[in-house]
Amino acid sequence: MLTGKQTWQFSNSPVIESWGTSGGPFEAEGKLAADFDVLHDDLWMGQDSYEKAHRVLLEEAIHSALQKGEFQKEEIQFMLAGDLINQITPTSFAARTMAIPYFGLFGACSTSMEGLALASFIINYQGAKKVVTGASSHNAATEKQFRYPTEYGGQKPPTAQWTVTGAGAVVLTDNQDKQGKIVTTSATIGKVVDLGISDPFNMGGAMAPAAADTIISHLQDLHRHPSYYDLIVTGDLGRIGQATTYELLQQAGLEITREQFQDCGLLIYNEDQPVQSGGSGAGCSASVVYGHLLNHMKKGVYRKILVVATGALLSPLSFQQKETIPCIAHAVAIERN
Amino acid sequence: MGKKKNLTPVQQQYQQLEQKHEIKRPVWKNCLNAFWVGGLICAVGQAITYFYIYFFDFTEQTAGNPTVATMIFISMLLTGFGVYDHIGQFGGAGSAVPVTGFGNSVIAAAIEHRTEGFVLGVGGNMFKLAGSVILFGVFAAFIVALIKTLWTMMGVL
Amino acid sequence: MIQSVNPEPGAVALYEQKNKELAEKVEKDIQSFDAIYDVAVIKGKEETLVAYKVKHLKRFGMKKIEKDINKLLEDHYPNEDFVVSSDYKIFIETIELLERMKDPSFSEKKAEQQLQRVISLKKEMT
Amino acid sequence: MLPMFFWAFVIGGLISVFGQLMFDVVKLTPAHTMSLLVVIGAILDGFGLYEPLIDFAGAGATIPITSFGNSLVHGALQEAEQHGLVGVLTGMFEITSSGMSAAVIFGFIGALIFKPKG
């Protein structure tokens, strides 16, 4: 049901039945290694190209999500997923393997929540009984496309972020037994915001206004106080973007504490890992939310969280043509009954 | 940068706010690292030059060619074993400005696009980073040499 | 590797005593240049090879120094044919040849061959 | 010999610092910086200033990418002396060829034997 300007409330509370994640070697050294279902010690993952390895990541995340919920892929009606690579081929190729009717999504790093919002909507209105949704990114494949060859000795400034090699997927169902289950209750679809940042090595700074805009809209549409949520977690703002967003929220008069406001890009790695400003990529929010955070919710650490995945909608072409970076953020509220 | 004028007041205001949180590039530290990494690479180049002078029939003038080739060979090994990108992150321009950095940009692109095949991948992408250096080097050299030659011909010089 | 740098530079000539005098004179002339600290001269059958080292901080002006030397030699010895070089390689080769020529068993024919080799090195530029 | 190493280090280091300032202060991309440096090298040689620098600093001047611009001009001028204007075109790569061919050849060999490590 549309509430306010841009928010859906899901009265039928679609259930997040099971989840799965996969990650690369760098994530295996990170803070959340224990929350990954599959970890690779090689960036190639036994494939002969980074793009194929990228596809494998998503396949594994979906497989472990299906396995943990004891689902057969034939039972799943739709798959909604995306990534950052040209024409989202890794995801589409994974969809070919899965043979599940498929929506390819592109929302850059906001894809995970774009997928979860749409999947919840479909389930909520009986468009399907079981839907799988996810997102993934692969560090080397993404660097290759957006920046420089991985072996090139270009110096990254401290504002740069490290693309996460990882994938996360969830199975969403219309299960009527909601007791103790984790469900999605509402979603706010963001609009594209561009405040004129054009430095592709400062994604966090570019995305911060979009994140703030979506969070404020969400709370306004639902007339909620920030303290409703145990945790408001952004996708991949990194150090700079997160601090900026926090200040924007303060300026808007939201009472939100620093502890309550987290960022997946800052959660995933250890302090001593050379990731400059933090993690990023479509797989960042997907693997942290669909691994670490859902595990924590299951354990009861959190009851209500708002996930705000942010995406920078640029391409190497638009950057070279000196365009600024348009950004977007989608928020989904996840609660445990 | 010069584009600031075109920003709306809202954008300008935001960018001021964002600047506060932006982690500044450690310019002094970067320059110091660039200095000694770049200097060290050149000193290694000097050692290789002397090697060719002592053990082969190269003069100071002619030793430059084999030295450059040797440096690029070393650059290939460091790039291939995944070391050069780490040197680059540390040394910045210190490892990019010497000819080893030129080699690295060619070799890194060649290695990276091997998965797209030798003709379309390696062949087509080898110069995607170094191409601009070659273009502007050749074109600037052409203009400079042209002007100088014309002047000489007209007896100005 | 270092040892070949150390031998004293000097002047040597092939064939006749008057050639030796000429070589030593040339050496003195070159040494009068402030910027130069080592000179080696070998007088061959036709050409005279002059190799020298420039003080490091004066190396910016090496082209001019070479011109000056050439001019001086031309003025003082109009009938001689000089090959002048500040190249380090030429210098160490010249010193080496100088050393070997002190050995009486080193034949003049061989020395001339060596000299021509060094001169050809200098001529091969780029 | 020792002063040569010293000055190679210092001059090579200083040219690198110039590049670093282009990166960090002017905020140029590496490609823009390197292009600028070769153009500077070419212009310096046009004024006859690069050769003295090589005499002075040896590898400190021949190893940085600026020397690429210098040797392109040098090759062109050398050839132009002998063959007139056409030489500007034909002589361009006369001196630089070793760096270019080394980059192409080792680039290809690299692609044959290495995989990117990521």
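Going in written order, the chains are labelled A, B, C and D, and every chain counts its residues from 1.
The definition used in the following text is that a contact is a pair of C-beta atoms (placed from the backbone, for glycine too) under 8 Å apart; a residue touches a chain by one contact, two chains touch by 3 or more.
What you see is a predicted model; the values in this text were computed from it and never measured.
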* To do: Determine the chain that sits nearest the middle of the structure, using the mean of its CA atoms as its centre.
  => B
* Asked: Between subunit A and subunit B, what is the gap in Å from one C-alpha centre to the other?
  -> 36
* **Between subunit A and subunit C, centroid-to-centroid distance (C-alpha), Å** => 75
* To do: With chain centres taken as the means of their Cα atoms, state the distance from subunit A to subunit D in Å.
  => 45
* Asked: Between subunit C and subunit D, what's the gap in Å when you average each chain's C-alpha atoms?
  -> 32
* **Touching two or more other chains - residues of subunit D** => 1, 4, 23-24, 27, 30, 95, 115-118
* To do: Specify, in ascending order, the residues of subunit B that touch 2 or more different other chains.
  => 25, 30, 60, 79-80, 82, 91-93, 96, 101, 105, 107-109, 111-113, 129
* What are the residue numbers in subunit A that touch two or more other chains? -> 50, 149-151, 154-155, 157
* To do: Please list, in label order, each pair of chains that touches.
  => A-B, A-D, B-C, B-D, C-D
* Asked: Any idea which subunit A residues touch subunit B in the complex?
  -> 48-51, 144, 148-159, 195-198, 202, 205, 208-209, 239-240, 243-244, 247-248, 274, 277, 322
* Structure fact -> Residue set of subunit B touching subunit A in the complex reads 3, 7-8, 10-12, 14-15, 17-18, 20-26, 30, 79-80, 82, 84-89, 91-93, 95-96, 101, 104-105, 107-109, 111-113, 115, 129
* Structure fact -> The answer for subunit C against subunit B in the complex is residues 1, 4, 87-90, 92, 121-122, 124-126
* Asked: Which subunit D residues qualify as touching subunit B in the complex?
  -> 1, 4-5, 8-25, 27, 30-39, 41-43, 45-46, 57-60, 62-69, 72-73, 76-77, 80, 84-85, 87-89, 92, 95, 98-104, 106-111, 113-118
* If you look only at subunit A, which of its residues touch subunit D in the complex? -> 43-44, 50, 139-140, 149-151, 154-155, 157, 199
